[in-house]
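I have a structure I would like to understand better, so I am pasting it below and will then ask my questions one at a time.
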Amino acid sequence: QTVQPATGAAVAETWLPTLQVDTPQQGFDLAIVMARRAVKTTQPDVAVLKAQRPRYAGDAASLIDVSAVAAAWFATIAAANDYWRE
Amino acid sequence: QTVQPATGAAVAETWLPTLQVDTPQQGFDLAIVMARRAVKTTQPDVAVLKAQRPRYAGDAASLIDVSAVAAAWFATIAAANDYWRE
Amino acid sequence: QTVQPATGAAVAETWLPTLQVDTPQQGFDLAIVMARRAVKTTQPDVAVLKAQRPRYAGDAASLIDVSAVAAAWFATIAAANDYWRE
Amino acid sequence: QTVQPATGAAVAETWLPTLQVDTPQQGFDLAIVMARRAVKTTQPDVAVLKAQRPRYAGDAASLIDVSAVAAAWFATIAAANDYWRE
Amino acid sequence: QTVQPATGAAVAETWLPTLQVDTPQQGFDLAIVMARRAVKTTQPDVAVLKAQRPRYAGDAASLIDVSAVAAAWFATIAAANDYWRE
Amino acid sequence: QTVQPATGAAVAETWLPTLQVDTPQQGFDLAIVMARRAVKTTQPDVAVLKAQRPRYAGDAASLIDVSAVAAAWFATIAAANDYWRE
């Protein structure tokens, strides 16, 4: 068992200063960060998350759902960056 | 068994005065608040919710779904704040 | 067994005169109303709905889905109110 | 067994002349029509659909999904009507 | 067993020249085409798809999901056509 | 067992320089690329992904979900290209 900071305590740290990033790829990476951060609001124990990974990373239905979640976060980030139009 | 105010009674309290918040991170936090508030419209008994937490917090599929829900609420909040563009 | 008005008959009643409401919280409440109304298009018998409630209200996956549905309805209502920007 | 027109033949009929309707409630009704029409592209036999109804109309998870689908169609219809703003 | 062109080969063919169509109903039909085309990126063998049809076409949960997918594709097509506003 | 670059290492490579593509069909193809890339953030081992393919490619529910995910990525790409309006 690991010792985790309480969710409330973690909120004090600034982890999302802006939605604006330079490139679509950085936006994609931020989407993954946000997707994982949302998971941590419910399961803050990283060790538990890692323990589950082999199972869902080997399950097609879960992986498809992971992509859906990433798409949802990315949609907002892309809009926030005006789709990186030049 | 706990005594809960009826859903109707709870509506009288103001818990969502605005969608405008100062930072993306506050928007993220508000998304979590709204996601949980929506759950309470169906299950107002906090004790029941807490009792379920160990189970779904240890289930990858549920955690992925939690992230999808957070993304959905965040999308609206981010639009409401014009994506915190400067 | 309860006697229910046919779905067709229920449509004659005006239950959704507008999407414009005064506050985000009223918008949230309207989202819940619309979410439930959509359920009634398929299951108009309120008694059947109430009978199922203890089961899904005690099931985390269902509650997460409820929040997703509320988010979807709220997104449209919030846009309809220009996000209650001042 | 009922005789059904082929999907291809059904397309010839005009069932969706416009997305513009007078009121939000008519928009809601149109969302239900479109949701059902989409189902028919995969299962055109109305008798099969009716036979399934008692089962899914008594299943909370299915009913929650029905509401999600209605919300998705309604979102587009509402945008198409500029949210019936006055 | 049928002989299918490889996915890579199929990409060379132009099947989606535009998102602009004349009517909402044509947009609906295009949504179904796109939904099915997306399925083919994962399962290009039409015979396998047809073999599964009786099963999912008789399953309410799958049919509800089909409608959700159609709604998602339609949303983009409708926006691309400015909702066929006159 | 294959040797895979770590997820962290893969990020250094530029795979998403832009969301702007010339045609809707190229946008569709990019949606599939993004959908798969999101899967790889969780399961970077291509061999594991390929091993699962026969199973989910033969499962209607998974295929419907694949289409939903493609629609979600495509929605953002289409907006980024102003829907390829002429």
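Labels A, B, C, D, E and F are assigned to the chains in the order they are written; within every chain, residues are numbered from 1.
Criterion: a residue touches a chain if its C-beta (ideal position, glycine included) is under 8 Å from a C-beta of that chain, and two chains touch if they have at least 3 such contacts.
Please read these numbers as outputs of a predicted model, since none were measured by experiment.
Novice: Enumerate, in label order, the chains that touch chain A and chain D alike.
Specialist: The shared contacts of chain A and chain D amount to nothing, since no chain touches both.
Novice: Output the touching-based chain groups remaining when chain C is disregarded and all other chains stay put.
Specialist: Without chain C, and with every other chain where it sits, the touching chains still make one piece.
Novice: For chain B and chain D, let me know how many angstrom lie between their CA-based centres, rounded off.
Specialist: 29
Novice: Using mean CA coordinates as chain centres, what's the gap between chain A and chain F in Å?
Specialist: Each chain reduced to its C-alpha mean, chain A and chain F end up 17 Å apart.
Novice: Going by the contact rule already set, what residues in chain A reach two or more other chains?
Specialist: 53, 56, 59, 61-62, 65-66, 68, 72, 75, 79
Novice: Testing understanding: with touching defined as stated, what is the shape of the graph linking the protein chains, line, ring, star, complete or other?
Specialist: Shape = ring; chains linked end to end, path closes on itself.
Novice: Going by the contact rule set out above, which residues of chain F touch chain A in the complex?
Specialist: 11, 14-20, 34-39, 41-43, 48-49, 52-53, 55-56, 61-62, 65-66, 68-69, 72-73, 75-76, 79-80
Novice: Along chain F, where are the residues that touch chain E in the complex?
Specialist: Going by the criterion above, the answer is residues 23-25, 28-29, 32, 53, 56-68, 70-72, 74-75, 78-79, 83-86.
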